[in-house]
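Here subunit A shows up in two complexes: once beside subunit B, once beside subunit C.
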Partner chain A sequence: MTIFYLVKKNLLSHKIRSFLLVLCIFVAFIVYGVLKSFEQAMHSGIELSGTNRLVTVNRINFTQPLPYAYYNRVANIEGIKNVTFAKWFGGYYQEPKNFLTTFAVEPSSWLNVFKEFIVKPEEKRAFLKDKKGVLVGRNIANKHHWSIGDNVPISSNIYSNKKGGHTWDFTVRAIYDGEKEQTDTNQVIIHYEYFNLSKTFGKDFIGWLVVLTKDANLNEVIAKRIDSLFNNSAYETRTATESAFNKAFIEQIGNISLIIQSVVSVAFLTILMVVGNTMYLAVGERTKELAVLKTIGFNNRLIFNMIMSESLLLTVAGGIPAIICAYGIINALNLVVGGFLPGLLMPMNVVFTSILWMILLSVLTGIFPAYNAVKLNIITALHKNQ
Partner chain B sequence: MGHLSQQTLAIININIRSIKNRLGLSISTIFSVALVVGVLLCFLAMSKGFEKTLEGSGSEDVAVILRSGSMSELNSVITLEQARIIESGPGIRQWQGKPMISKESYIVVDAIKKSSNTPANIPLRGIDKMGEIIRENISIVKGKMFTPGTNEIVVGQALLNNFKGFGLNSQVKLGNATWEVVGIFSSPGTVFESELWADINVVQSFFKRSGIFQTIRVKMKKPADVKKLDEYSKNDPRLKLDTKSEKDFYLEQANASSDLIFYLGWPLSILMSIGSLAGAINTMYNSVVSRTREIITLRVIGFNATATFFGTIIESLFLTSIGATIGVSCAYLLFDGLTTSTLSGNFTQVVFSFKMTFKLFIKAIYLSLGIGIVGGLMPALRAARMPLVKINSF
Partner chain C sequence: MTTENLITIKNLKKTHIKGKQALNIFHDLNMHIQTGNFIAIMGPSGSGKTTMLNMLGGIDKPTSGEIYFKEDRIDNLSENELTQFRAMHVGFIFQFYNLMPMLTAYNNVELPLLLTDLSKEDKIKKIKTALEIVNLSDRESHYPRELSGGQMQRVAIARAIVSNPDILLCDEPTGDLDRETANEILGVLKLLNEELNKTIIMVTHDPEAARYSKLTLHLDKGEFNQKELS
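Take a look at the complex of A and B:
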């Protein structure tokens, strides 16, 4: 007769109770797994940002333009490896609700700065050569069933072209994959030159610059150099690391981490109370039984291990299936909201922290009943009426 | 029947008074229900507050005109020529002999959000006298309105409270121009309170947008005239504009964001209710099992099975109701009126307050009653069906 046999018997002797506790734990870990993955996807822009990438925007706000000339002026600053720029196109496909994250860029420098965009060499050449060509992310290509050579009309909700419409015709020349699984492959990249010549207003202005520094230690110095270069001009700039820029943008939506943290704490607090109390009670009910076990020679360590194993088994029985379900839910959600929230998948660290939480919760819920069982006095316990 | 209800009352009395014997579990049920109710109300109040602010911003008899397909004020571009054509449209109300048309520019600028200390998008709206007259619920609460032709700005009260650096008489640097805050305006519960206002001509020249507007607002004689103006504009090939009532314009923006919060809040609360439900069932089973001897005794001395059934259901409802009361009160005290801001459909911050309403309380209470009834059902059935012979085993 092993401890495991006793643990199994104990849990199965109250099937409904055990099932309810497992359900309770299951729910809490689904909440944890889904929300934590969500939070990390929201912040993936910060984590994936290049350590030596800076973003230079108009000091007034990043929606305000910068002159095209800044691109060449910044390129001459010492300590910079590469520089590129982008202009927000406000793109959509056929209907405004099918929005596309579309940037008009100088393609060759863009691909030098964003090395996480993996493009096949021959496709890259074809895209660089064709001014009306477009580079699209794998996700978007799959979503709209676009393949190389397809002619795709992309509309802008901001600009109009000289033909008098809001729609530009492009040819898909390249499709990029992400270096990492979380890399955003929902972007559409077009040639700035073509866009600039064909739009009716806002000519020779760009949105923001992205600078690659030679060394991350130089980031601060270079940011200052860039901003002081344009100080007191009509278009002053604000330069920050890409991660700081992304973080500020997330903060605009709200303190999402706080909301998620609170909900997760509430979920865990609930199981802590429900499971903790039930375990306490369940062990209390077995006072006599435990006294008998002690009498026939079970030592304190065995008793302690037995009760801790019970609570660990309950937590794992609820927690592991919950993480698997959460994985399924996240993958399903990715299909629905992947366009808005790239990088929505369950990161490995969420799995690891869930396991840590399972261990912690089982210790917290098991420790008091186990301690009580250990310090149980056989004589008094056997004399107890119930 | 009188007999039965007396029995039920007696059993309820016993059950509730014996809760102290199962205090740990009962309290954990109460708290888990309170927490679920709190989470649900927090999300609903957030969604409601945001919706109310946007809904409250729009008038039915004001038409908002944007460039077609632009969806938001930020992306829209309207030329002076187009604005002139609109001026001769139908159904426009007059004010001192002039058509009530406000040509406005909408520029996004940075401000530091107090809660996060990071730059956030806020709107600088360029308006003229008519822009002020068209918005009826605006009042200057401190200082004065900006003087046309100067670089003076007025600041919405909500913006002042949630962002740094806009106090009365302070200097605000936007680009290489410095503006002076000369007044604070209030427009309770609208998005306008999250805006900066300045003179349209000055804004256009500082931001190099002469002759270009983002929106036109037109005060109509009656709400139905919005449609007439839309038809008028659709029939003119030079216009290519979208016309809708200001109310609809903000409603569309409200729906997108508040739906998101709403659709996040409900599934989450329902999921967590399952956890809380498991806790409640567990507690009630425990209650029934620990009173086995008592229940059988009652049955033997003539108490009805139905009475024992209801005794357990009511005990369960009693616990969840306490939980709901705690949850509702705490949510009300903690969240009602809490101000926060988020990015709206116009790509700028909208400051709004969490709004607890009676209807939301009712929803939360339904949820907790649901947990109480479902949680008590199976244990109550067990109590009612308890075989009387079992007493021998004691």
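Take a look at the complex of A and C:
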């Protein structure tokens, strides 16, 4: 027998009560793990944004088009390292439910601006050469079992093909990997030129420009230069940093962060009260046993550590399996909604903060009962309801 | 028989404060308890028998005066020092056994050994021996709820002697038992005293129980009086 055995036996002597407490902690940490991972995935777009990348959209809103000619005009502005553009294709594979984030771009400038897309040199060359070629992210390639050389039809839910129908034929020429784990590898990149020539309407219009400045300090000045260039034209622009752009996009979905924070706080506050109160009462029931241990010679430090270990054991017994389950849930969700929410993973920092929360919770729930146990007077406790 | 003094009490005064009332229990007590003695303490309820055991065992302190254990003064020790003193020198036996309900008889006896750094083998040997002395080897894996009152008290005795203390303090150890079972328990205590030379102080209301002791003291109004039993 060890002291730890004694701690365990104390918890197991009220199996149902301990089980319910563990369950309560388990649920709270699943909620925490899943929601926190979601929140971070939503913000990863912002964090992954290039610090010196600007996005230029139509001033009315980002769904309105810009003339293709803007691409060349912006390229001549001083302080700009690179410029590229994209047009939303509204793609899907075979059925609309197989949604694909598809952009029609000018490929070589696109890859110069988005350095976090890692493409093998020979595949890159093949993709640049073939107007009907397509560059796809690793995740999408895996999901649909596409490999280099495969012919893949991609349909648009916006545009129609001159040849009739909504489907274009492409050949997979390159597959890109993300520079970081959270980099979105769910994108499909096609040649604007091919798409522009073969679509039936909206020709020579692009969706937005992405500008790489020479220095992040120049961002503001250059954004002003771009917007003033098109002032009073039929297509006025609004330029902002990519992170501001992504943030604005997320804020349109609603202030999900705030909701998540509230849910997590309520969950934790609830278990703090439930577990804390139960521990308090449970230790109160044991005053006589604790008095006997003290009489035998268990010192205050030992008694204190025993009670704290009980609450730590409870928290860990609920918290650790919860984090493992949350990890499983996030991975499963990633398969389902990964296309809409790239970077949906359980980040290491969520695991670490979970462990910190477990320690904090066990200290908060254990400290008062432990303190009372230490303060317990042997004589009065032994005397109680003999 | 050795006449070494195990406990010496000098000018002991004890007052219990309850709210605004002060209750004088001992005024100026002087006495010795010799190693190897088996003392029964009798006396009216509220006379201070439990209070005396608590002070001797280091869970209560006198209001003034001195208590020596062998040569060492114990009444002025800190809480932690007293805890250590109890672990090393004192075994307690209570009227209501006070076993841990979630532990087997074996593990209950093992409790005091958790505080030592004996090897696993030594611990097992000591626990087995203690259970043998109280004649309960065949019940070691039973939980307290599966034991009779007498058996629970034997487990409690085994727990009190397992770490080989110098003195056993028993507060009405047979108060909850029938005559026959009480005699068995008293027999065990007598054996511990006679064979293993354990010093025992036992509080009891039962004159029959007192017969098992070597010396019976009557506590009344703060004074101990020796009384011959007929």
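In this section, the second predicted complex is superposed on the first by the 379 of 386 C-alpha atoms of A that agree within 3 Å, B and C clash if a C-alpha of one lies under 4 Å from a C-alpha of the other, contacts with A are read in each partner's own complex, and residues count from 1 in each chain.
Following the convention adopted for this analysis, a residue touches a chain if its C-beta (ideal position, glycine included) is under 8 Å from a C-beta of that chain, and two chains touch if they have at least 3 such contacts.
Fair warning: this is a prediction, and the values are worked out from it, not measured in the lab.
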| item | value |
| --- | --- |
| Subunit B versus subunit C as contact partner of A:N10, first or second or both or neither | second |
| Subunit B versus subunit C as contact partner of A:P96, first or second or both or neither | first |
| First (subunit B), second (subunit C), both or neither touched by A:V292 | second |
| Comparison of subunit B and subunit C by subunit A residues contacted | B |
| Contacts of A:V113 with subunit B and subunit C, given as first, second, both or neither | neither |
| Partner chain(s) touched by A:T278 [first = subunit B, second = subunit C, both, neither] | first |
| Touched partner set for A:V266, first subunit B, second subunit C, both or neither | first |
| Subunit A-facing residues of subunit C, complex | 54, 57, 59-60, 79-80, 83-84, 86-88, 92, 94-96, 98, 100-103, 107, 110-112, 114-115, 159 |
| Of all residues in subunit A, those that touch subunit C in their complex | 1-3, 5-6, 9-10, 12-13, 288-289, 292-300, 302, 378-379, 382, 386 |
| In the complex with subunit B, residue positions of subunit A that touch it | 16-17, 20-21, 23-24, 27-28, 30-31, 58-61, 63-64, 90, 96, 155, 157-158, 166, 201, 232-236, 238, 247-248, 251-255, 263, 266-267, 269-271, 273-274, 276-278, 280-281 |
| Touching residues (chain side subunit B, partner subunit A) in the complex | 24-25, 27-29, 31-32, 35-36, 38-39, 69-71, 74-75, 77, 107-110, 113, 115-116, 118-121, 174-176, 207, 212, 268, 271-272, 274-276, 278-279, 281-282, 285-286, 340-343, 347, 349 |
